[in-house]
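Right after this note come the structures.
The same subunit A turns up in both complexes below, where it pairs with subunit B and then with subunit C.
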Partner chain A sequence: MPDNAIRTPLFFSLPETFDGDKWICRILILLVCVWLATVVFLPVFGLLSKSLTDADGNFAGLANFVYYFQTPALSGSLTNSLFVSGLTMLISVSLGFFYAYALTRTNIPAKGFFRGLAMMPLFAPTLLNGIALVYLFGRQGLITRGFFGTLPGWDIGLYGPVGIIISEVIFTFPQAMLILSVALRMTDARLYEASYSLGASKWRTFFTVTLPGIKYGLISAVFVCFILAFTDFGAPKVVGGNYNILATDIYKQVIGQQNFVMGAVVSVVLLIPTVIAFVADRIAQRKQVSMIAARSVPLIPEADKVKDRLFLGYCSLMAFLIIAFFATALFASLVKIWPYDLSLSLHHYNFRRMGGGGYASFFNSIRMSFYSALAGTAITFASAYLVEKTGGMRSLRQGAYFLSILPLALPGLVIGLAYIFFFNAPAWTVLGITIPNPLNFLYATMGILVLSNVVHFYTVSFLTATTALKQLDQEFETVSESMGVPFYKTFFRVTVPVCLPAILEIGMYYFVNSMATVSAVIFLYSADIPLASVAVANMDDAGDTAPACAMSVLIVLTNVLVRILYGILTKGVHKKTQAWTSAG
Partner chain B sequence: MKKIGKLTMTAVIGLILTALFSGPGAFAEELLVYTALEDDEIPRYLELFKKEHPEITVKIVRDSTGIVTAKLLAEKDNPRADVVWGTAATSLLVCDQNGMLEGYAPKGLEKVRPEFRDPREIPHWVGIKAWMTGLCVNTVEIGALKIPAPESYADLIKPEYKNQIVMPNPASSGTGFLTVSAVLQMMGEEKGWDYLDKLHENIARYTHSGSKPCKLAGAGEVPIGISFGYRGFIQKQKGEPVMTVFPKEGSGWDVEANAMIKKAVIKESAKIFLDWAISEPVMKEYAKVYPVTAYATGMPVPEGFPENPEKQLIKNDFQWAAKNRAAILEKWTQRYDTKSEAK
Partner chain C sequence: MTPKAKQNKLYLKVRNVTKRFGTFTALKDVSFEAGQGEFISVLGPSGCGKTTLLRVVAGLEKQDSGQVVVEDRDVSDFPVSKRRMGIVFQSYALFPNLTARQNIAYGLKSRKVTQDEIKQRVDDLLELVGLKGMGRKYPARLSGGQQQRVALARAIALSPDLLLLDEPLSALDAKVRVMLRSEIRSLQQRLGVTAIMVTHDQEEALTMADRILVMNQGELIQNGSPYEIYDRPATPFVAAFIGSMNFISSAVKKEKGLYQIGAHLLQVSNENGSSGLKKQSSAILAIRPEDVMVLPKGGESEVNKPNVMNARVENMEYRGSVFRVKLRLSMAGNENSLIHSDIPSEKIGRLKIRETMEVPVHFPTDRLRVYSADHA
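What follows is the complex of A and B.
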């Protein structure tokens, strides 16, 4: 046990009187910290130290970074990445803002439909964004060829920054829309009344009340979109052409040339802006004060025909684009030989004699996502409970909280690469002492795939659980304690049933994301366990675009199905377990 | 105190284990085969093996040549593969230089052409067939663009083909490497790099794998793909408007070869597999889609290939190519890997 020495002092400081319940609590919180340190902190640390060694593993200081920045073929990608993600962020946040505004501040009809549709891209691997764009704007694309020659064509020069930016906008738009919707909904109608009665014009109200009110949401949306676009590699891989960006560079270095050291260096270069954005966002969010007070009045958008029509038009246009986008992908996966034989057939769904693993990969992905949902939900919810609801050990709980937020700053590629180094090493060398790696057995198993997903999507799930738990009165714990009921009984009898909607949401979030993700798992899957999303990447690599598209369609359909199932489940659960909310 | 430390560690592992009760735990003897053969040709060969040796479970790891090579090199100290099947001889030479291959003389070795095997008495690698550069040309698209089909390497650098050619990245693709190596060998290094500079001007993009250029050509995404003979041939069968052109100057080529990986324990099934991989039934199967095989099988030359396919192959110095592989790739990457900069 390597880190015994570090942990022991903690136990010395504990009181001598034995209180079984509290002890269990403490050990469990400690476990949460140890677990997070093991799966988050140590692997990233390993990655950082790898970037400071040469190919033979000797310490090389910053030599790799010097080489990196002196080689324009490599360092040019940093500027490229910043450029595309910056532009993506601007476009996405603007589009998302108007969409969210329409959903929260106008009286347009069919809001549920528009919201649901805008979420569609969240269900797809980002590779699909690229692939669908190829069928729309590639040389043989529908638009480029003017619908097979029936209309004048339009060539946008897809491959390169244009293609990357369009795909990333599609990918980040739902996120911007969701964050801004929440921000726009949290408002107090009294502010608008005051502004109105003071004689401010609509525009003035917009700039002095609306915008400042969603300041923090806006900041969050900006950073989230930037980070997502900056670290995604699925879409750029398909439509990036020879426009190199950091994420595809990591893939090229590691998968294409098995140059792990350079892969680690590029990962660190990718990690730095991501962490800066993450920290900036955290600092901004801390300053946020609740807009909602007990006496707040919910804002009911007033009828304004012109405004409503304008926004309905905008939402319809966006909805049409999203539908057209997915319809193109579906159509392309069914066409026999695009663009020469447009008869429809299912033969691209056959996947035989094709790289990537075919249906085995699809079912593996379902299994993996299911396990990730199960393990992820249990672990995140339980840790959120321990951090949020148990008393004492303040500093330890804060440590656990910090470690739980950290994964949000880690791009999937970084997690994947860090895990290769961490789990594949037969032994770790710490300060000159070699320790056999007890976790080595996980390498190239389903376990490491599930683990990488649990960590990759940890923070959002953790925050969802925390929010749900915060809505529960602390009294439950206090009363149970005074009645001598152990906390775990309260946990299973009260907390879990009451939080069931949140638990289901976390489960769905894990499933859907594990199904669609490529970035972390592409470094970790083994030939035994091919995965659907990786198969999409591999088939696209081999040039089998149509089957890659077909596999993506299967992933999207599965996720939509799971989402519908979740909808039905929550409805049932809501009736059974949430009666107290309306009674109260 | 130690106990608690151990307890926590066990618990962490336990937590992870709960997520683990899966994974096909195959412990029965199985043969791990690394190969760079095409995805759509492997099953047709492997079917024969399964019929002959149902008792052996073969696990195939397939990837592009460069990646298989890199993977083998990365696992040098702790090799996982038992056998390499159908992977570029140049790559196997590199592995051999690293002392990773075990000599083995498979049954029927005497039939194999001398240039298709390691000259040592107990060879470290034995070839099965040659694959050669072929240009996949989309007949519909060049018609629409009103450009003629290229017939030679010299044609490919003409201005009318600007942005109409895709080529595999030699660092990850075997086809890419043998093409670059052929250019350097035919023209000499100085003129060869000059040629590649000019070719670079016409390349729309470089791909990760050697098959993708042909598939992109077949789909009309880019009309001309530098790929290899087999691909164009198969895609034409599927109904894509592709014709395969073998450049006038001759094609770069490489032998796809087999080798045994040096491991502490050599499995008996590895030898059985290597014997089978050059046996006549499977050689005939290779010959159905590749005109030049390790020994003559009497099968007719597949349609679309030159009548005398052996003449199409340039004089190829494998030793030179293997020795200079790393240097060539580094130079190539420095010069062309960022197409965006060249604009």
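What follows is the complex of A and C.
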């Protein structure tokens, strides 16, 4: 046995105590922190300081905020925003709870279909929610006009809070459903056995076991729905009418009146409740995680004909509403002149004489989403790896973690506005010192659009990556270290292949959201690079609702296509990995 | 087998190592040495710092003070990759997406060796650990014992001078565990590599190691051969942790080799657990269950032997080759008057021992251990 055949030579030009890998790691983590500080912390800081200056850039203290709250025309929006998002949250969480309950705790058929369908709104720009509602309940709406006069009409008074709330419920329902499904699925069956064996009734068990078991999931759903509804811009822009809310105010201040300072002030007003809700949500989620018993027994729903029928009825109704909603949008985009000439045609898909950029904007959006998916996935996964898997540098790693979670609390509009201030400034003035802005070149390029998407959707991707990485053996890095294999080799040879499913998921998430988002990019796109979602907003603004609808449909179709592609890829990966994932 | 001959040369010296995690001290001033080719086992309850000690030796964790010296060179500041150590982790940490062969070759790839050499080396290693022909399988398709062998082969692939094993057998079934014990041991001897194995299984330590380090709460309590550790445990903790031990507290030292318990005087011929003990100070006497001798009733020897007292058989538990018998000593004023005795089944039959019976019990003078009462 040639035991001495393979030996490391004992001659090194560097001192033997030098650990090159460790230094590379340190520098990389430091870079992650610098990067996050540059694209998250500094721009937000810039926005905050902007809100404290007057129009000429002099420090004004809280004067802007005093003015804001003394002007009912402005501050009334805060109450309006709180009202619509509060109501949205109540409705969404209730609807989402029963839907999730049906999917996890009953024996209804076609659960996969119901779950997939409920996710549909995630693929659409929220503008589409508004537009579809216009075709259903607007002045010429299907329902308002009683199906083109065949039935008595019903005008629900769409424009204003009603329209906003319906749109936001559609938008937030999938999120509530997803969070609550996870919570409901995690409950330990043994608790139910214990409860029944103690003679508790079903109702009593529901209140003493089910509800407490999903307490944190419920709290999380409440805050997530609130944040989403509170900060959404797309739907209120279409169906808000004269009902002012914070998100549309920011847009009006900045784009309409070019009042950047007031835009910053409203952004801060928007940001504060969001951050509070965000912190509450983080606390709830942490508690939820610590509640999972190591060896909990999954609950298998028992057959209960009445219950199952009831829930099947409910899910079918919801499914019908979702289908009807999207079908209306599709139909409206294909109809020649709603509601006068209902013959089908593709002429709304010919965006030639429209503002907004037409097909150029659509392909720009695809390009942007593709770059965002590529860059975002690489950056988030690599940073998550560095934060999760490298030793030492504790405080730096914690700092990086904090900065990675922060973007979740930042509404898209806030990111967009903060980026205008940060990247557009030819120079930054800090404490009286003026530094030329080295990042100014990014302004009005594809680069800044991609960057804003990467940051906007950073946290969810980061958490997905972290979860996947946590499932790997903690000693992979140590093993390679002991064999003298640099960590980056193990990263590419083991970590990435094993985490491929999560990596694909992150890529899909980035693509779909970049495609649909309007809030951050509406401040950042330039005339040379029009975007599809912005085109929807602009065409709708100009009264070209049908082409706006058509463009939205294109966005949804692209996203559904990408989702299908993702499904195929995942299946392929799964087949490949089956050889090394447990017995198969 | 001549491990002693090989152990002459000193290989590893750990000097006064202390390791803290925040305010918690995981290792307190730990020192020990390992000879070339020696098999050392670190034994102690869970959480006592065994893994931490191993990680400090490996260079995965940096000690707060003290040194790790390998062949007279202080390697305390060396990174893991330059310490020439093979490590087998408790979880094996096999790369799931690489075959057994690729796992074993993992470290070889980054050395300046040709593909043929690597292939040859991996073949040799697979054969060495008894996995010939299994190289193409992924870890998930191997049994626990086979995974353990792959981890072992991977750890020795770079011909390390020191092999570190962290509870390598704890995840396996009892049968496989026993088989792998002797395999690991003979492999280590064949390679002549120095090995440190962490375990919380006393039987594993006793059967495999040349020397055992017993740890408790971050401290090294005793360092000795398996025989020494079992025969002369340094503290009541070691005594109770390894094998079982009867403790008779509230003894008082009368003079050298003579201890009083209640009305009885017991002779002790080996007092090294308590050499510094003063007269009249209180002590704990200890004896292993297999050393407690039950004598035939009314036999003559009873009179002549020292350390004989009467006891009542409270309970008998059949354990195959022996009975574990609970005996109540007739010692007024001693709360620890219940002791265990392991008596061969044959003797039980011969002496017709039954429950509730009164029997004379003898404590051989050379089998009694003495500990200072402060140890308790």
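One rule holds for everything that comes next: the second predicted complex is superposed on the first by the 555 of 584 C-alpha atoms of A that agree within 3 Å, B and C clash if a C-alpha of one lies under 4 Å from a C-alpha of the other, contacts with A are read in each partner's own complex, and residues count from 1 in each chain.
The definition used in the following text is that a residue touches a chain if its C-beta (ideal position, glycine included) is under 8 Å from a C-beta of that chain, and two chains touch if they have at least 3 such contacts.
Worth saying up front: this structure is predicted, and the values here are computed from it rather than measured.
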In the three-chain superposition, say which chain, subunit B or subunit C, touches more residues of subunit A. B
Figure out whether A:G199 sits in contact with subunit B (first) or subunit C (second), or with both, or with neither. neither
Once the structures are superposed on A, label A:D473 by its partner contacts, choosing first (subunit B), second (subunit C), both or neither. second
After the superposition on A, what does A:P497 contact: first (subunit B), second (subunit C), both or neither? second
Let me test your reading of the model: by the given contact rule, A:K22 touches which partner, first (subunit B), second (subunit C), both or neither? second
Looking at A:I379, would you say it contacts subunit B, subunit C, both, or neither? Reply first, second, both or neither. first
Quick one: classify A:K489 as touching subunit B (first), subunit C (second), both or neither. second
What is the shared patch of subunit A, the residues that subunit B and subunit C both contact? 1, 3-4, 7-8
Report the residues of subunit A in contact with subunit C in the complex, numbered from low to high. 1-8, 12, 16-19, 21-22, 473-476, 478-486, 489-490, 493-494, 497-498, 577, 579-583
Of subunit C, residues touching subunit A in the complex: 58, 60, 77-82, 84-87, 89, 91, 93, 95-98, 106-111, 113, 117, 121, 124, 128, 138-141, 154, 157-159, 191
For the complex, which residues does subunit B have touching subunit A? 1-2, 4-6, 8-9, 11-13, 15-20, 22-24, 26, 39-40, 43, 59-62, 64, 66-67, 70-71, 73-74, 78, 140, 169, 171-172, 204-209, 211-216, 219-222, 238-241, 333-334, 337-341
Could you please specify the touching residues of subunit A with respect to subunit B in the complex? 1, 3-4, 7-8, 11, 27, 30-31, 34-35, 38, 71-73, 76, 80, 134, 138-140, 159-160, 241-244, 252, 255-258, 260, 336-341, 352-355, 367, 371-372, 374-375, 378-379, 426, 438-439, 442, 445-447, 450-451, 454, 527-529, 541-545
